[in-house]
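Below: a set of structures, written as structure tokens.
In what comes next, chain A is part of two complexes: it sits with chain B in the first one and with chain C in the second one.
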Partner chain A sequence: MPKELKEIQYYQSDFEAFSSNGASSAPAWMKDVRAAGMSNFSALGFPTLRHEDWRFTNIVPLLKVPFRYASEHYRVSVTREKLSPYVYSESAKSYVAVVNGRFSSSLSNLSALPPAVEIESLEKAAAKFPEMLKQFLNKHVPSDRSVFAALNTAYLRDGVLLRIPKDIHVEVPIQILMYSSQADDGTPLVSYPRNLILLEEGAHATVVETYASAQESVSLSDAVTEIFVGQNAALDFVKEQREGVNAFHVGTMQVMQEKESRFTGFSLALGSRIARNDLNIEIAGEHCESMLDGLYITAGEQLIDHHTIIDHTQPECSSREVVKGIVTGNSRAVFNGKIFVRQIAQKTDSKQTNKNLLLSDRATVDTKPQLEIFADDVKCTHGATVGGMDPMSLFYVKSRGIGEEAARGILTTGFAAEVTKYINNAELRHYVDTLIIAKLADNVVMSELPEIVHSAAADFSQRDFQQDESHS
Partner chain B sequence: MDSMEVLVNKEYKYGFVTDVATDTVPAGLNEDIIRLISQKKGEPEFMLNWRLKAFRHWLTMEEPHWPNFTYPKIDYQSISYYSAPKKNPKANSIEEVDKEILETYEKLGISLNEQKRLSGVAVDAVFDSVSVATTFQETLAKQGIIFCSMSEAIQKHPDLVQKYLGSVVPPTDNFFAALNSAVFTDGSFCFIPKGVRCPMELSTYFRINAAETGQFERTLIVAEEGAYVSYLEGCTAPIRDTNQLHAAVVELVALDDAQIKYSTVQNWYAGNKQGLGGIYNFVTKRGKCAGKNSKISWTQVETGSAITWKYPSVILLGDNSIGEFYSVAVVNNHQNADTGTKMTHIGKNTKSTVISKGISAGQGNNTYRGQIKVVPNATNARNYTQCDSMLIGNKCSANTFPYIEVRNTSSSVEHEASTSKIGEDQLFYCKQRGIDTENAISMIVNGFAKEVFKNLPMEFAVEAQKLLGISLEGSVG
Partner chain C sequence: MIEIKNLHANVAGKEILKGIDLSVHAGEVHAIMGPNGSGKSTLAQVLAGHPAYEVTEGEVIFDGKNLFDLDPEERAQEGLFLAFQYPVEIPGVSNSYFLKAGLNEIRKHRGLEPLDAMQFLKLLKEKMKLVEMDSSFINRPVNEGFSGGEKKRNEILQMAVLEPKLAILDETDSGLDIDALKIVADGVTKLKRPDNAAIVVTHYQRLLNYIVPDFVHVLVNGRIVKSGTKELALELEASGYDSVKDAAAVA
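Let's turn to the complex of A and B:
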């Protein structure tokens, strides 16, 4: 215990510097929010493996790094060239960049966005629309339970505000590129970006939130994204998490859905030494549809942890969660999915699946799908599987004259494609598939990925699954 | 629906108290009490030391509070740890057993008179802290089978007890196991020698009678190479307003090619409709498939207790060993059940099957919690888990918390769960065919639990089905 206490103090002392220096110009209400976050953080402390929510994720390697708050004091040079590999081509003229938690308009390009869409620095928005921010910001973040959400709240300062006004349909996908990096002098930095995404009544949008880092850079990104999907609004959301192998990621996504809204989320988790993704959806209105799918691929010494909550608090809603994982090398994957069905949430239809392909005897999968149901007239199922490559399927593919390597490649990419098909936008799905294949090819799965796999995967991701879905 | 309301008020029929003079030690827990218990039971030195060691360890432990329910703090100093009928606690023959006690068992439907029993079942009857009678001991002894109370085993077979006691659930395992190890008073011991197939079902019937006592029994079953045994346990308690603690430990050991089938029908007093009283059933049950090709199968029907908190588990140590867990847990009124299993795959080609059916009614809270663990060397391990929940009414809840930890690529682990209700339309359909509500519910529920019931020995299956009907009476209406 005394050891942990010291680490808390470390983050606490940085907070004093933070609140008295650069961030002191914040409005009073924001300072109150920060103080509450800090007191939650101090009360919670850093979790050990004895903590139920952190049973399988040991954060000691993260705590060992002496991260400093990424203030103006540290020089970090980031150029457009450094960011360009992470820009999604379809969003080349509709992306914003956030570097170490600070919005950068000079690195952003918003020329293709319709003028009605409001997107800007959260820090500036706090001064410009204090009432709106007071209404929405930090209203549903679980900072009383989650230590990293509390820490992010304590350091609340900047990030992105994205607001899609009533009935606006934004066709072009909007990318929020979150880039983290150590200081030029090599100091490991921690940043606390906060994004707020508001879709007003009837608005439609596709948003890609990318977390990236300089390749060898040692950084910690403690991010919180709050999403409000208004009545009858629809959001397609991809969280693309692919920081470098020396980076750490602890992120919370908190979605709030109003009645008749749709949220389709996809978590693509490929990067970081240790990544923890808390993805929470609160369904606060009737007749909502919530989809939360995802894929994690772990290799080397990585640990990727997903903790999801879908909370049905209103009747007549449906949710689907399909999360798959490919686990290789010495890596570890953790999945913990909770579905709550509250007493009044009758007629809920909820499905949850977690499937894991374990490709190395040195790798570990810990999965824990949970249902907590308090209403009786509901349909709820969940399932989880963990297994290696199915020898029968492998035999079948090989019997078609395809070599061992290629057969494994086809089956592994096919395993992944089974979940990426839930991404509605075909270009975005193709983009995600490409990232997956690159990650698979880079790692132990396939030393060299045969061309046949590329073409098969490309064919697959180009298919229009909208058609399939409506028939099923 | 009026008839349903009448049924609700049906009392727990095992809730009577037997008026029998008892020898009860004063409430409280300290080393002197443990020495007193050990002395009363005339135990050899090694047992006393074992108990004291467990007690000293227990003092360093904290009561766990992670399950999915809360309960008032248990005052371990207000419990009496030993209570036995005064006259002749262990009779040499049935004739010597106290008349009131015999009548109690008659009333519970458990005849201790060998002639009256169905010839297929041998019974060890445990009344509060002690075993009062064990039937068919001689018949079994002819085949080398030892079936007796734990106290008798400690005296007559200390070598076996010393070898196996605590070998599956060590005294330091968990808070309640440590407590049990320190104060356990009796229980059943059964030993099936090499190559013997036990010719009849063995069973223990546990009865709590005295107030303000806790029941801490310890059961140990050892099946040597190639042996087979099927074992049943049943339990009831009188109606009381206060909660009583029942913290048992059951250990099973199966050597090469041995098979143990362990069935439980648990019907402790569950508390009244307002949730007052009832038994806290905090039990540690674990089996060890120590040998190759061994098999341990747990079947449980949990209908009683205010709180059930137990996870019958199997350690699959031997290659090709098999672990099974079949469970039906029913909660009504204010009952809580947090139950499930742990299957730890260590040997090669090990298999486990978990079928859990939870039925929640009234304001009951039913939780399945299970762990499937596959260690890196457990090649070709297989697990299949299915847990289904049924909700009756909208004030109850059903929860599923499976933990799956896999570290081996040739293994496959599958978990499936679903939740459903008895629909108005299903009931309507049955009623339209002339089946009344009560029978329709019982039919649907029994169909839901059939996969588990079919694993129970026949007599028990019949009893379990009836019990299920009684527990759910009045829950739909």
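Let's turn to the complex of A and C:
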């Protein structure tokens, strides 16, 4: 029997236990969703390197770990103290904690959140607002194509429902802190959190979704986050992925935008042994703006994989995707970015680049930017680069008396700053910059790193893209 | 201060410098003029230690040391400074951090205590006045989004802060309007001391009205074909480089 089949059975048998025990009280419609997820999962199976979407990401190290579903059966002690290093200071009174896939009110603090904002356990919401959940939940998740999205759907139970009602502008950033941990007895645990973020018409919000884990803990988070940005609504969203080196992460973000909406997403991917980020945006209305930027930094034996899709299904929308990577040590990075421009999506303006700074000759990058255009009146560019430190820049810095080590640090942070500048909120940008510096200092062993500064009050969106190399 | 003897250098396998001899003493200002592509920037970059240029022959003694034994940062620490013809943008790193890091490395090398943030800021503000730069540039990323003229001015600011023994200015005048040119020249003149020296690389005579050189050298096709005093620059202005090129061909 092929190995991947054996692994499937293992996850299938855990599913029997899951559905007959703790999760059995779910409403019937949710059980149907699960069953469909499970059958998709069984049909798809775990991918090998022969699978088109997994050519460069070998998940065998993940499959080898005997993860158990993080049910109530396993004791996991998590305290506020354990979470506090991962709480974003601006969200200290507006964050919710999800521990191994289960919403935890006792570890959350929502005291600064305006009362109009609805945020709570998805499991409770399913009982409270079944109609709303039936309308939105799992409507656009690619369970039929993505095995991990299917598996998450099979184990659909809890996570966060966040709803920003019509015309509400939430100033305070909201953090969703996703924490995973092995059991106290050392059993490796897998969890399947599902978050649903709804911005109704005209709503504005900033959301930070953080994935963290106990540092040495062996855990797998198979997460799905569904985001709906209603008409004329605007969401600034950061996915911050910094689980520990023994953790695994497979996550799908599925964004659906209605007309005249804006979604500004940033993927900060620093953590895990193997991390796979599927980030998908479906632009389903006219005059939308979609930004999907990000930075990954890989060190040691890490592998971080980004697969992104921006799907222009309506005319007169613009999208920008700038994803950069700093790839070091023995690590690997994978980027696959697809932009679809459907036939009716005339006047689409879409730009995509992936730039990689390769800091070790043992590290590898596999990058594939892709454009599929079916409309004729569009402006689209894309491109990718992989290269070492620019010798001219290095020379310039050294010519001011700064040694090799510090010069490399200066240019590396500069490379990162060229994408974090796209984060609109200044405090959030600073927070992300700080995490980057810490990652470079701790894992890439760079010393004497400068604090990142950004050009004041600059409108980066269009101007400096024109300076980037790109081809269509 | 610096003695260049029979310097030959290649770039991309092609010989660009074909035997340069030049001595610069403390207190002197030397101008190097010459047509485009004659090797002026190559000379400047070789002296500063750009790794793309390969020295194939000759030696350079800088302040008693063999220059080619030193890495670029060590040359800077020893007091060599190059104002680049094309300054590099460094996003994400503030001008003040960059300058402070450089200055403190140089101070460390000279056995001086590093300046703390307050002391450095005071120094920086003084020097910015000298080149009439707005204080908003302190916290802007190095050269990012600067106009051509602002970049050149920023080079002079760096020079003013780092206080080199030997400053090499590579076409610092190009792209400057007349007011900016005066400010830059003024800055350079104010920084001149009996114990330092400057090599001013330029294409036009214009700058030399403001920075008066003690010696002028004409570089053509990788060789110094003529040397003289500041009158030579005026001559060149009147008769162009062709006359010296012809002279070089005859010689």
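General observations
Rule of thumb we're sticking to: the second predicted complex is superposed on the first by the 443 of 472 C-alpha atoms of A that agree within 3 Å, B and C clash if a C-alpha of one lies under 4 Å from a C-alpha of the other, contacts with A are read in each partner's own complex, and residues count from 1 in each chain.
One rule holds for everything that comes next: a contact is a pair of C-beta atoms (placed from the backbone, for glycine too) under 8 Å apart; a residue touches a chain by one contact, two chains touch by 3 or more.
It should be emphasised that the depicted structure is a prediction, and the values quoted were computed from it without experimental measurement.
In the superposition on chain A, contact of A:Lys6 is made with neither chain B nor chain C. Of the two partner chains placed by superposition, A:Lys124 touches none, neither chain B nor chain C. Of the two partner chains, neither chain B nor chain C is touched by A:Arg80. In the superposition on chain A, A:Arg145 makes contact with neither chain B nor chain C. In the superposed model, A:Thr364 lies in contact with chain B only, and not with chain C.
By the touch criterion stated above, A:Gly403 is placed in contact with chain C alone, chain B being left untouched.
When both complexes are overlaid on chain A, the residue A:Ser393 reaches chain C alone and has no touch with chain B. On chain A, the patch touched by chain B and the patch touched by chain C do not overlap at any residue.
Remark: chain A residues 391-393, 395-404, 406-407, 410-411, 413-418, 421, 448, 450-456, 458 touch chain C in the complex. Residues 66, 374, 376, 389, 391-421, 423 of chain B are the ones touching chain A in the complex. In the complex of the two chains, the chain C residues touching chain A come out as 48-52, 71-73, 75-77, 81-82, 84, 87-88, 90-94, 97-99, 101-103, 105-106, 109, 136, 139-141, 144-145, 158, 162.
Chain A makes touch with chain B in their complex at residues 52, 56, 343, 346, 356, 358-389.
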